[in-house]
Each structure stands twice: as structure tokens, then as C-alpha cells.
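Data first, discussion second: the structure below is written as C-alpha cells.
All chains are identified by letter, namely A, B, C, D, E, F and G, in their written order; residue positions are counted from 1 within each chain.
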Amino acid sequence: MLIVMALLVGALGAAAFYLLLARSSLKLLFGLLLLGHSANLLILTSGGLVRARPPIVPRGALEPPAGHADPIPQALILTAIVISFAVLAFAAVLVKREYDLTDTDDTEDMRQTWL
Amino acid sequence: MAEAADIATALLLGVGGLFCLLGAAGIVVMPDVYNRMQAASKAVTLGASSIALGAAVHFGEPEIVSRCVLVCVFFFVTIPAASHLIARAAHRSGLPLAPETVIDECPRNRDDATS
Amino acid sequence: MNIFLINLLLAGLWVASTGAFTYGNALLGYAVGFLVLWWLRPLLGRAPYFRKVPLGLWFALLFFCEVIKSNVRVAWNVVFPWSGRRPGIVAVPLDARTDLEIAALANLLTLTPGSLCLDVSEDRRTLYVHSMFVDDPDTVRKAVKDRLERRILLLLR
Amino acid sequence: MLWMILIPLVAAPAAPWLVRRLGRHVGPLLALVPIGVGLALAIHLPMEPGTWRLEVLPWVPELGIHLAFRLDGLSITFGLLISGIGALVLTYAGGYMGDDPRLGRLCGLLLMFLAAMLGVVFSDDLFVLFVFWELTSIASWLLIGFKHEQAEARDSARMALLVTGAGGLALLAGLVLLTAAAAGSGIPLDRATRISALAGVGLSGHPLFTPSLVLIVVGAFSKSAQMPLHFWLPRAMTAPTPVSAYLHSATMVKAGVYLLARLNPVLGDSGLWHVLLTLTGAATMLVAAVMAAGQSDLKRILAYTTVSVLGTLTMLIGVGTDLAIKAAVVYLVAHACYKAALFMIAGSIEHATGTRDVRRLGGLGRAMPVTAASGLLAALSMAGAPPLFGFIGKELLLKAKLDLEYLGVVLALTAGLANVFLIAMALVVAVRPFLASRTVAAPDAHEAPPAMLAGPLVLAAAGLFVGLVPGVFDAALGSAMASAIGGRTIIMKLKLWHGLDPAALTALLISAVTLALGFAVFLRFRAGLSRLAGRFARLGRHGPARAYERLYGGLMDLAAAVTRATQNGSLRRYTRLVLLALVATCVYPLSRAVPLESVGPVEWGWHEAAVAILALVGAVTAVLSRSRLSAIAMVGITGILIAVLFALFSAPDLAITQIMVEALTVILLVLIFHRLPAFSHLRTTAARLGDAATAAAAGAVMSLMVLVAVAAPLPATVSAQMARLSVPQAKGRNVVNVILVDFRALDTLGETTVVAVAGLGVYALVKLSRRARGEGGKP
Amino acid sequence: MNSPVFQATTRVITPLLLSFSLFMLLRGHDQPGGGFIGGLLAVTAFALYALAFDARSARRLLGVSPRLLTAVGLSLAAVSGVPALWWGEPFMRGLWLPLALPSELKLGTVLLFDVGVYLTVLGSVLLTLLTLSEE
Amino acid sequence: MLVALPILIPLIAACAGLAAAGSRPLRRAFALLGAGGLLVAAMVLFARVWTRGTQVLHVGGWPAPVGITLVADPLSALMVLTAAVLNAAVTVYALGDIDARRQRHGYFSFIHVMLGGVCGAFLTGDLFNLYVWFEVMLISSFVLMVLGGGRPQLEAGTKYVTLSLMSSALFLSGVGILSGIAHTLHMADLAGRLAVAAVERPWPATCAATLLMLAFGIKAAVFPLHFWLPDSYHVTPPAITAVFAALLTKTGVYALIRVFGLVLPPSPYLFGLLAAIAAATMLMGVLGAVAQIHVRRILNVHIVSQIGYMVMGVALLGAPDPATRRLAIAAALFYVVHNMVVKTNLLLVSGAIRAMTGTELLAGLGGLATRAPLTACIFLVSALSLAGLPPSSGFWAKLGIIQAGFEARAWLLTLTALGVGLLTLLSMLKIWNEVFWKPAPADGPVIALSPRRRMLLLSPAAALTVLSVLIGLYPAPLLKAARRAADGLLDRPAYMAAVGLDAGGTPRGEPAGETGP
Amino acid sequence: MPWWLDIVAGSTVIALVLATARLVRGPSLADRVVALDVIAVLGAALTALWAIRYDQRVFLDVTVVLALVSFIGTVAFAYYMEKGGR
């Protein structure tokens, strides 16, 4: 399963990178989105995959059942998900405003800053 | 009692799985988006609800049952609205009907719809 | 509606007094409360409540059967596509007036496999229904009006 | 001693203010500052050879650097020259600038330079010396560019600063290496930067010694305009004449010579030192002298002769015998006197006639008798005619050469040949304008004002005085200075007439011959020889100066080309570079780290595999999709399926959050995209394939990274601790949530801040850029 | 979107979603849920309303300015760590009221923090969506 | 609590500024209060650290590897103090530079949040928390980058955002892999555990370290990851550029120093790579600067070049001799502080130039040496300082780096550093000749500044100039601080003891074969 | 673990595959949105199944949220299509 997850991480990453290499600024957003997924899955997999044993203490117990999943990567991913959502929202609006101003989504046209 | 619950669970799950499969097959086989929606919005939802009810019966705890009932209620409230919205949007945006369609009494243009 | 609240209160009392906080017990409490209230009908005056609860139950049962039936039909059609498919969009004139009535009708119609509420006209007088089996548009119209709209209006008005 | 540096430094910013208050007569007033310094130095006279006074203040103890100042024969001589000539130049500047409002700035910069130069010669700490060294470069740059409205002045200033700056860098590197060598030879850090502590220690065995020597010598050469780094000095003549007189003849350019002299006891025990200095010095001496003859601008002629003399001095230090050091001492002092005088005279001539072109000058003797007299004296000193100080210097020089076992005669002849040209140029500069027939178109030429007369007169007289009574000099300072340079006691007994020993006679003979030849060259100045020299000078223009231009231009072109090629504004290219960097840097460590056996402990599950594959299908379809909205739907699917994976791998909180975020992302993207066009496919197929390859490689890196991470894990003790603490201490059963709101609540606070800022940012972006667009931002 | 079907459905679902979001917020410490999930659910409730009717109605329904909500939420989250200092505990130490509620819910500064997160997420994400849909 | 104040004060000031969005005086008051409060807090913190040693706050009261620890060691305290000083200067400047509508839409709040993020990044003792603060910093910088701008700002924003987010993803991946290897995020704990793990298998940590190096490299703008910077930094108002230049890239450098100095086990491969990167960065940056014809772009590309010097300090961590390593880090830190001061100052001056002339193109400028002698002086001192000429802070920075380079026997790298110093001088001369010495073009606009605006624009620059010269004249205190910071950074056991871990780290089980709890 | 659970889960996964096929095939956006909706619902079904299979009640929380939220996405797409996009 590890291999599958590792492949998924890499494939999502490759898809993201491919989109990031596109000239359309709209595609950049998708690239960033997928890149976030890839990184999150990377953390999850690196932290060790455990099937169906969430780190939740049963009512009345003092500790989660033995063999539970590592909660730390989960907390990290949660934070990362929210952060990348917020940042992506901003980036998306940015791309849109830019499109509004320039009537193009081609990043190769974004050379106005270049003298 | 426990055995009866198990049988009920198995029954519900079996029906659910079957309908899920059939519904999904429907959206593959059906000729146009309206027909596909028919298959999807009914069969799959019924299947999923059935599985949720199966879970409710399996666990039998009030907490779980309320959750599963909530799922079913939600499905039954939202699925029609969702299909309606999609179908309406599809029709309004001029998505063609399948060739075997026998009749279309709905005007394509929004403005005509009022008259 | 007031009576419904009283009924709920009675159910709650039942659950509290029996001390068993389960769904089954709550349902039982509701049923007991309903019976008590039905018994005390004269006390409460003419209320549609007592008519609507059994009506609603009956309607739910019918509707459930309808859903299963049409589901099977759709499923059959999926598995055996050659078994005949005559999709079409039919305009159904509406007796339902309020948004709630229309929404209820549209939702139930859509939940019934084989038919789908496509649109409502701007003046809310016509419902456009997509059906998978349009042998005859008028049959479809009639089915919608008789099987669904009439019962819904009965229940809601 | 610090105060001697600080007072002029403090006076420098006051100068503009004073000038604004008091006008042009402030020159002599400001001259009191260096005069005071000079007097304070004079107290130490006569200086006992081989002794010095040291003053040490703490400065940067971490680096072993102290404000260490040393007074010995060398530094006092230089100090006296700097302050004395400084006083004269300040006085002169008042006359030269007249009522020009920039006089204040000029005086201020001169004072700043004076302070820096004093710092250079007093410092006993290598790095303190360097600090002042660079300050002199900066002051020189500002002074060369003084008339900055002229493009030539700006360019010359830049050239001077770049060349001396490059030398400064070499020097710095050399000093650092020398210090390292010293520290490596067991000298404690506190003393490793101190010249007096390093003298005679014998560091030449250390491997860092040779590079440090070369670098230091290069630094000194750049400052002292040794071939091939000399070309900036003639160009520096764009500076006002007082500046030329002060910086570019008497003082700053001698800083390099000073440094060589100062470090002679430290570095002088190496053969390389002798070879480098002697050969470079000799070459510079000869070539510059010849090139001087090709010039027609008074100041340029003087500049080239200065270069020549600097070469001579370098050569003498390189030779390093007692005699050579004595010669260097005398020659240095004599040159400082007469060359400063000549520059000031050139300035006076220009002041009077408005030109510096020798070909147009003549017959000024009557109109400017005092200037003419001092010019004559200075020129004779330069020519090395008896009984002037220059004569003693030249005699010593020739004797020192002849004294050598190898190459002595060659060097002596070279020196003689150079001398021929120097003599000729001395006559051209200081005799011809006064005595030749009147050719200048300046009938109203008049004697310079007194402020401008004092300098040349005093300096020329000093040359005469010391020439007549040389014993005064060597008793007071000369021997001490020579001892300081030599690092051993050298007693000088200067005489105008050396008696009749064979060496002296030979020297005298050569001297006489050169005088005669020089006079002949002078007489032929206008005719063939000057043309020959002119041709030679043109050749020189193709030399290092040309190399500098080439280098400068090439650098500009290179910079432009590199920038055009890389910084081309294409985001795509920047991204690709990042990805290529990712692949390139990770390949090697991954190849070492990936364990092939790490299939992992998690058993195979086909549900998960199917979900994972479907998620991937969604992503790939999104990549290939032509419609934006379909792409949104597809990444939506990917997100949801990843959420399902999260759920399966024991992370319900993650799954739920992911689902919520996915739904909101879809809403957001739909809201944003609903007015935008379809994806444009802009890349060529080849580009797309290339991108795909890059992306695939980068993705493979990520995959391998995962395998690396899971291969050899340590036990998760922190998680275990958290799980233990969660219920009893943090009162929560959902450990993930407890981490988020308690154990690592700070993370969550930061994350919440991100969310808040993103929302507020979107608001500001939309509201404000709408305004910007309303204001006509649309092109 | 002017659809009676959809609008009626939204009227039913919005309160459902909102109460579920509060439920998720409050149970987060013991079960999956918490401030983020709750806040995002609340956002979906209002976003749905905005889609069914329009952004202005959604703003009216919310009642407070989303910007204010964001600022208040962020301040609440940041300040919830301060009370601990009063009792000489380190910054952000969780304090709990010794009050037994008839459920698993425990009152304390940690809950306050989660509520701050909830409000910030609700305010900020909603601000984004409403700003965009009002364009 | 003192340790948390540099994070909390800006955050609270940001909230207050948002709440006071309607009132201009109140907004400006909060801006100054926030900057001043941060400055005071930073000074008190620095003094406390200086006198009593490393200050530690276990946030939430959780002991070291469980909770997040804020650690103010000399390095962090020094960085926070520098950031606070520069922020104060730029805030004063911004009051005269930033237009009203940007202020109304929360300019100062965003700046404050960014400062909170920067201070958080400096102070945190937790790797993932560092990521979070980086993101806080980034999102506010995104907003600031595009705030109120037209097309150029949005274009620049797109590039900046895209590459920054790539950096974030790499950072996150690196953290994920490190935590997968060591199962902890606390820097001290990670250091201990990775050291144990690296004994037998050094390469897994190196892989993660490579990712972190790339991530921080993008943030710090090192070659070949720097291209976003020259394309984006010049489009904002100068005050924003100044703050970016002062803080953002330097945070990347700080992260490199912190992570490579404290957390990661030494990796010769990466140190070699870093050395090459450092040399290329210096060279490419300065070549870029030489090529530019726009004042602020020259200065911005220079940021890149200067980063090379700082990275060189990190690369010299590969030196075998511990004393050399300490020297290198101390020199790099000195360089960082010097460069933050000087570069900020130059950008402020460039802003003043723009305010006075309305242009930043060299061709349109001229004659300012006579027209604005004070500005000229300020620029000159800072420019020479940037080129490493005495008697300014730049000289000691350069000297330190070169000493370290030679001591580490990194000849080529050090010679590059030296040569680049000359090119730096060249490009500064370019500005000087064109802007100050060249006669003003005939049609060049002359904008008269009100005395109040002039004061707001120039007084911070003058103050920073004095600071640079003071450091140059009396470098001992900063040198000592840099030394102590370097010693504190490289003394791993002391750091671990300060945060409450014993030298071996937490009690841990056998590192054999176990995969999870 | 009863064998029939695996069969049900298997058929759900197959349904998932079929829905994804529709997602990929399209051809219209409406088709894809329908597929999206179906996939979300199937995800809910799958998590409910896993709740039983792994005896983990928390899966059902995921089920609930999936059920609640899938609707929103559909609405958003419909909103877009109404505005005339495709």
C-alpha cells in the first residue's frame, strides 16, 4: 500500500508541476491545489499508514486503543489544508483580478514589470 | 434479536450496494445527461441511504442512528433540488436531448418560458 | 401545529418518565401522546392535525412503494436498455401555488425514479417534467397531478 | 595620535560651513589644522633610528584589531609631508577656487583625505591601516569627480575608484591571509594584525605567505599606479589642480609606496618580493617616463612622470639594500616637494592662461616671475640638477643600482634612460612656459595671487634648502625613516658631493650624461622625438587602459546578456528552474537513501488502491481538461477521494476538513471562473512534452522521498506522550483536536491568522483594484 | 438562482447546516470536529443561502459584518491564551471551569480558542465568497 | 510571556488597526504604537537574553517535545531586535509614503501581521511552527504586494505567489519527511534524534534537508531560485519594498542558518552545494544589478547578490574546524544584520528619490547631489557600506565573511565574494553617477516635498545611516552579539538543555524496526 | 468480517469506477457534475460501509459531512452553468 501511496504522491505532484508549467495563470491555481494534496498525502504516508484506528480515546478510557494512528501528522495536515485553502483563495482572486485587468491568462504576457 | 439485526443489516447493505452499482451503471449507459441524472439521483441515493440505514441498524446506538437518519433526510431533501438545478441549467444552456427523446415541451429560452 | 408541539411534549414526558432515552421509546411516547390527544379531540376543537398525521403516514408509505417500484423500473432499464426508453419533457399545469407546495411537489416528483423536475415557469403555473417513459404526454401529466399533486395539496392545505 | 586624525576629520564637515561664512580666505585658516598636526609631529624630532612610539586603544577585540598607532621615522616623515603639503594645498585651494561656492566642499574633502592619509601612515594595525586606505580611495574618488557635471570627470572618478577598489580588495585578501599566516605561525590573535609585531618574524615559511604577499603587492601597486595598473592616474587629472598636487603626486599615490616600505620588514625576506617590486618598478619607471614625453597636457605630463617616480621608488624598495633604501628615502621626499610644487605651478599657469596645453604656452616668465622662479627650482630638482635635493636622490639612486651584483648596470642604465625623459619633461613643464617665446593667446596673463604662490615657493625652497644642507634631514628623520623601512638600523650621511670614489664618479658621469641628453630631448620636444613618444603613448592607449575599457564594456554586455537570458519575466521558466533544481539536487541523496526493501509494513488493500487510482484519474483528467469548469469538477473529485483515503487511514478530522474545503474551493473557483474564458492551450507539443518530462521527474522525486521517510523510522514517542496526556491533562478524547487547540495551539493561532488575512486581503484586493481599474489602469 | 424548488430546500437546509456546524464545533474536543470544521460548515450554510437568494440576503442573515467577525474571532483566539497568565500559568495554558454539564462538553479557555477559530473562519471565508459574488 | 510578546504585540496592533479602520488618526496611532511596542519588547527581550541567557516559553505549559516552545536564544533575540528596529524606521517612513486608500484598507494591519509572522519565525523552536509563521508572513506579504496596485503589481504578485507557494510545498514536504524519520517537530528534539539516526543512515535526513534547502532557497532568493524577486519587488510602494527586503528574504536566510546550524546533522553534500549556490548567487545577483537601469531594481537584484554572502556563511558550516564554523556563522549573522539595515535604508532613499522626482529610471534622473545633498550623503554612505567599504558596517561584514572563507580554505568561493564586492561597488557607482552626479535632464520633473513629508521620508533613512556608520566605527557590540548568537546556535547540548531536554533528547526506546506507537 | 460486506463494498467501488468513467468521458459539464455528485454520494456510502467493516463509528461522521456538502458543489456548478458557462 505504501508503494501505491508513494506513487499517488508523486503522480499528484507531477500533475501539479505540469500545471504549474502551463502558461495559463488559471492552470496555476489547479497546480497549486494539487500540489497541496500531494504534500498532504506525503506527510500522511511519511507518518505511517494505519488503517481505521483513529487517535480518539474511547469513552471512559484514558488512552486511545493500541495501534492507533499517529495524531501528529494529522494535526499538521489539518493545519496545512486550511492554510493552503486560504492562500489558494487569495491566489485565485489575484489571478482573476489580473485577468480582469489584462484580458489574458497567459503568463508569458506578464512582462510589464520587465523593462 | 442480534441475528435479526444482522439480517436486516445485510439486506439493507445488499440492496444499497446493488442500487449503487445500478445507478452508476445508469449514468454510464444512459443516452443523455437528463436520463443519466434520473439514474444517478435516484438509484445511487437510494443505495447510499440504504447503506446508511444498514449502518444505523448495525450499530443501533441512538447517536449513530440519528446520524444515519440525518444522512438519509439530507439525501432526500437535497438530491431532488440538486438534480433539478443541474437539469434546469443544462436545459437552459442548451444542452441537447438524446435523439430518442419523444417530446420537449419546455421552451429553451428563459423569456419564452413566462408566456 | 400547536397540537404537534403538545404531542412532542407528551412524548418527551413519556421518555423522561420511563427513563429510556432511545428512539424506539420516543416513537412509542409520540404514539401514546397522539392517541391521548385524539381521545381528547373535543377539548382541542377541530384540528387538521389528526387528519394529517395518518394521511401523511399513509402518503409516506405509498410514496415509498412508488420510489421502490420506479427504482426497479429504472434499474431494469439500465440493465436491459432495449426494454424501451421514451424520454421526453412534459409541461404540467400546476394547481400548487406557494413555493413550499411547488417545492414539495418538485422534490417528490424528482425522487420518484423515471421523472425529474426540470424547471418551473416564471409565473409558477407550469412545471416542466422530464420523464424517462413518455408513452403519452397526457398520461404523464395525469399521473403527476393525480398521484402526487393532489395528495400533497391535501396534506399541506 | 588618534586626535591628529580626528581633528581634521572633525574639521572636514565644518569646512563648507566656514567657507559660507568667511569666503575664500578660509583656506589659510583651515591650513592651521594640518600645521598644528605638523607641529605636533615635529615635537618628536629628531627621531632616533630604530625607535618608535606606540599608542594602542582597544577597538574590535573580537578580531584582535586595535587602534594601534605608531610614530617612527617613516610615519613621521610621511606625516610631515602630508600635513605640510596639506597646509600649502589648502592655502593654494583658496586662491585657485576663488569665489567658487564649491570651495567649501573641496576643502572639506581635502581635510577628510588628510585625516585618512594620516591614518594610513600612523596605523600599526593592518586592518586599521586598511580602513584608512579605503578612505583615501573614497576621498580621491570624490575629488576626481569633483566637477561631476562633466561626464569625463565622472568616468575618470569611477575608473580610479574601481581600480583602487580592486586593489583594495586584493589588499584586504592579502591582509587576511597574512593575519592567518601569522596566527598559523603561533602569533596570538591580538598581535597577528600588528605590523610592529610581525616585522622580522619570518613568516615566509607559511603556505599562506606567498599568496598574501602577492595580493598585498597588487593592492599597493594599484594605489601607486604601477604598471599595468597605472592608467587611472593620468585620467585622474580631471580633478581640480590642488587635488592633483596633493593626492596624485605627493601623498595618496605614495600610500602604495608607503605600504611597501612599511611592510618591507615583514615581507622583505622573500625572493619573490624583491623580484616583483624591482621588475615592476623598473618597467613602470621607464615606460611612464617615455609616455610622459608623448603628452601635451601639463598635468598629464606630470602625472606620467609621477608614475615613473613611483616606479622608481617601488624598484628601490624591492632592491632593498641599505643604499637603495637611503635612495628611496631621499627620492621620495624630494619628489613630494618638487612634484607638488610643479602641480601647483601648472594650476597657476592654467589659472592665468586658461590652458594647460604646453604647446600653446610660452613667455610667461615676465608676467609671473615668482611662479617662474619656483618652477625653475622645482624643475631643476626634478631634473636632478645640483645643488637641489633631487640631485642627491638621483645620485643615490644610481649608486644603489650600480651597487648591485646582478642587473645592476642594466637597472642603472634603465634609470638613466628614464631620467633623460624626466629631465626633458621637467624642462617642458616648468621652464618652457616661462622662458620659451610667447605663443600663448593670453596677453593678460598675470601673477597668481599670494595664496597660490606660497605653496610652490615654499616647496621649491625646501628642495633647495635640503639640497644644500642635507645633514639636517638625515639627522632629524632620514636615518630613522631608512631604518624603519629596512627593519634594521641604517644611518644616512647625505652629502651633496660624494668625493671621488669610482661608484660616485660613475654615477656622476651618468648623471651628467642624462642631463645633457635630457636637455637635448627637451630641445627636440616639438620635433621627431615627441612624435615618437606620442606614438608610444598611443600604443599605451591600447594597453591596460584599453583592457580596462574592454573589461568594463564586456562586463556590461555580459550582465545584460545574462539578465536577458535568465531574468526574462517568464514565470514558466522560473518554475521550470525550480523544478529542475529540485530534481538535480535530490537525485544524488535519493540514490543514496532509497532503501529498495522498503515495501513497508502496511498491507495491501484494494479498496484504498482503487480510491487512490480514481483520485489520480481525476487529477490527470484535470490536467488534460480543456474546460475550466470540468477541471474544477475533476480536482473536486480528487479532493473528495483523497478525503476518503484520509478517512480510511484513520484521519476522520482530516477527511471532514478536506471535504469542507473541497466544497468551498469549488464554490470559490466557480465564483471566480464564471466569467473567464476557456483554457487556452498555448504551448507547443514539444514544449508540452518537455514540461511533462520535467514534471514527471519532479514527481518521481516526491515519490522516492516518501519511501525514504518511511524506511527507517524512530519510535513515535512524542505522539505516545500526547496520547497519554490527552484525556487526563488536556481533557479531550480527540487527540488530533487536542493537539490543534492545546498542545500545538500556537500553530492553530498562526493558521487562523492566515485565514483572516486571506479574507481581508481578498476584500482589499477586490475593492482597491476595482478603484485602480476605474482610474484607468486598463492598458 | 431564482428557483422556488431550490429556495425552499435552502430554507430547510440552512438552519440544519448551521446547527450541525455548532454541534461539530462543540464536540470537536472529543470527536471529529472543532473550530475549523464547524466554521467551514457554517460558511457553507451561508454560502448556500447566498447562492439561492443573493449575497445581500446572506449578509442580512448573518447580521454582523464579516470583517468584524474576523477581527473579533482572531482577537478571541489570541486572547484566549492570556487568562492563564492571571493564575501564573504559561501563555495559552488551558483553564477549565469546574462545572459539570450534562454532556461531554467542558467549558474552558480551550473552547474559547476554538470558538475564536470558528468565528474567524466563518468571517473570513464568508467575506471572500460574498465579496466575490457581489462583484 | 516576554518571549511571546514580539508575536502578540503586532497581532493585537493589527486587530486594533482593523477595528479602527474608519479613523485615520487612530489608525496611524496604532501603527506607531504597534511598531514602538514591538521595538520596546524586542529590546527588553534582547537585554534579558543578553544578561540571563536563553529565554524559553513552553506555550500552553506543555514540556518540550510535546508542546511548541518559543525560544529566544541570542540568535533569535538579535534577529527580532533587528527586525523591530527596521520596522520602526519603515513605519515612520510609511506614514509619509503610503497613500490614504492603502492605509484605509489595512496597510498597517497587514504589515503588523507580517511582523508577527517574522517574529514568530525567529522565535519558534518548532519546525512546523516555523512553517506556520512563514505562511503568516507570506499571506500578508501577498496582500501587501498587490494592495491597491494596477497591472504591474498584479503580474508581480502572480509570480511571487506562485513561486512562494512552491516553496511552501517543498518546505511542508521536507517537514513531513523529517517528521516521518524522527517523529518529532521540536527543533531541539529533532536535532538530537536526527543525530542518532544519522549515525547509521545519514542520507534520509539529507534528502529532507535538500527539500528544506530548496524551500528556504526560494524564500531567501538564491540562484537559481531567485528570479521572482527582481521581477516583483519594485512594483510596490518603496516602503513595502523596504520592509520586504529587510525581512522576507532574511527570514529565509535565518531559516537556513537555524536549520542547518542547529537541527540537521552535517551533510558535506549539501554544504558543497550551498557553497556553489552561494557563489552563483553572489555573481548572478550582481550581474543582474549591473544590467538594470531602474534604481529600485538595481537595489533589489542586489538583495540576491547579498544573500549569496549570507548563504556562504551557511555553506562554511561544512568546515572541519568548529572555530571556523562559529566564525562563519557569526560573520553571516553580522552580514545579515548589516544588510538588513543598509538595504532597507537604500530602498528608503530610493523612495525619497522617487518622491522628489517622480521617476526611478536612471535616464530620467540627475543632479540630486546638488539639489538634495542630504539624500546624497545618506545614499553614499549606505551604498559604500553595501559595497563593503569602511568605515561602515559593510566593511566588517565583508571582512568577517572573507576571514571565515579563507579559514575554511574555500578559496574560490572567497575570491568570488571579493570580486563581487567590486562589482557591487560598480553598480552603486552607476546609481550614484546617474542619479546624483549627472546633471539633471532638462525636462526632469521636480517635485517639492512638504517639510513634514520630507522629515517623514528622510529621518528614518538618516537614522539608519547613522546606525550603519556607528556599527562601522564601533563594531564590537554587534560582533559580540553575532559571536554569541553563533555560539548559541552551534552549541546543541546547551540549546537542548535550555528548552528542557537532556543532551540525549527525550527518553526514547530502541530505534529498531518499530513503525509507530 | 462477513464475506458479503466485501461484496457490497466491491460493488460500491465498481460504481465509483463507473462514475469516474463518466466524469472522464463527459462530454458536457453537466455530465461531469452529475458524476461528481454521484461520486460524493458513493463516497458517503463507502465510508458508511467501512464504519461497519472496521467497527469504527467515526467513519459515520465523514458520511454525514459528505452527504451535507456534496450538495453545495452541485449547486455551485449549476449556478455557473446558469450564468452561461460550459
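Note that contacts are C-beta pairs under 8 Å (C-beta built on N, C-alpha and C of every residue); 3 or more make two chains touch, one makes a residue touch a chain.
Bear in mind the structure is a predicted one, so any value in this text is a computation, not a measurement.
Enquirer: State which chains count as neighbours of chain F and simultaneously of chain G.
Expert: A, D, E
Enquirer: Comparing the two chain pairs, does C-E have more C-beta contacts than A-G, or is it the other way round?
Expert: Top pair by contacting C-beta pairs is C-E.
Enquirer: What whole-Å value do you get for the distance between chain C and chain F if each is reduced to the mean of its CA atoms?
Expert: Whole-Å distance between the two chain centres: 66.
Enquirer: Distance-wise, how many Å sit between the C-alpha centres of chain D and chain E, to the nearest whole number?
Expert: Their C-alpha centroids are separated by 62 Å.
Enquirer: How big is the gap, in whole Å, between where the Cα atoms of chain D centre and where those of chain F centre?
Expert: 26
Enquirer: Which chain D residues reach two or more other chains?
Expert: Counting only residues that touch two or more other chains, chain D contributes 567, 569, 571, 575, 601, 648, 652-653, 656-657, 660-661, 663-664, 667-668, 671-673, 702, 705-706, 709-710, 713, 716, 718-719, 722-723, 733-734, 736, 740, 742, 744-748, 751, 753-755, 757-763, 765-767, 769, 773, 777-779.
Enquirer: For chain E, which residues are shared contacts with two or more other chains?
Expert: As it turns out, chain E has residues touching two or more other chains at 1, 3, 5-6, 9, 13, 20, 30-33, 36-37, 41, 44, 47, 51, 67, 70-71, 74, 78, 81, 92, 94, 121, 124-125, 128, 132.
Enquirer: Can you pull out the residues of chain C that are in contact with at least two other chains?
Expert: Each of 103, 106-107, 117 in chain C touches at least two other chains.
Enquirer: How do the chains pair up in terms of touching? List each pair.
Expert: Applying the touch criterion to every chain pair yields A-D, A-E, A-F, A-G, B-C, B-E, B-G, C-E, D-E, D-F, D-G, E-F, E-G.
Enquirer: In the complex, go through chain C and note every residue touching chain B.
Expert: 21-23, 67, 70-71, 74-75, 78-79, 81, 85-91, 103, 106-119, 121-123, 128, 130, 132, 134, 137
Enquirer: Would you pull the chain E residues touching chain G in the complex into a rising list?
Expert: 1, 6, 13, 17, 20, 31-33, 37, 41, 44, 47-48, 51-52
Enquirer: Using the touch rule from the top, collect the residues of chain B that touch chain G in their complex.
Expert: On the chain B side, the touching residues are 9-10, 13-14, 16-18, 20-21, 23-25, 27-28, 33, 36-37, 40-41, 44-45, 47-48, 51-52, 54-55, 58-59, 61, 63-64, 67-68, 70-71, 74-75, 78-79, 81-82, 85-90, 92-93, 95.
Enquirer: Touching residues of chain E toward chain D in the complex: what are they?
Expert: These residues of chain E touch chain D: 24, 28-37, 40-41, 43-44, 47, 51, 66-67, 70-71, 73-74, 77-78, 81, 92, 94, 96, 106, 108, 110, 113-114, 116-117, 120-121, 123-129, 131-133, 135.
Enquirer: Under the touch definition given earlier, write down the residues of chain G that touch chain A in their complex.
Expert: Result: residues 50, 54, 56, 58-59 of chain G touch chain A.
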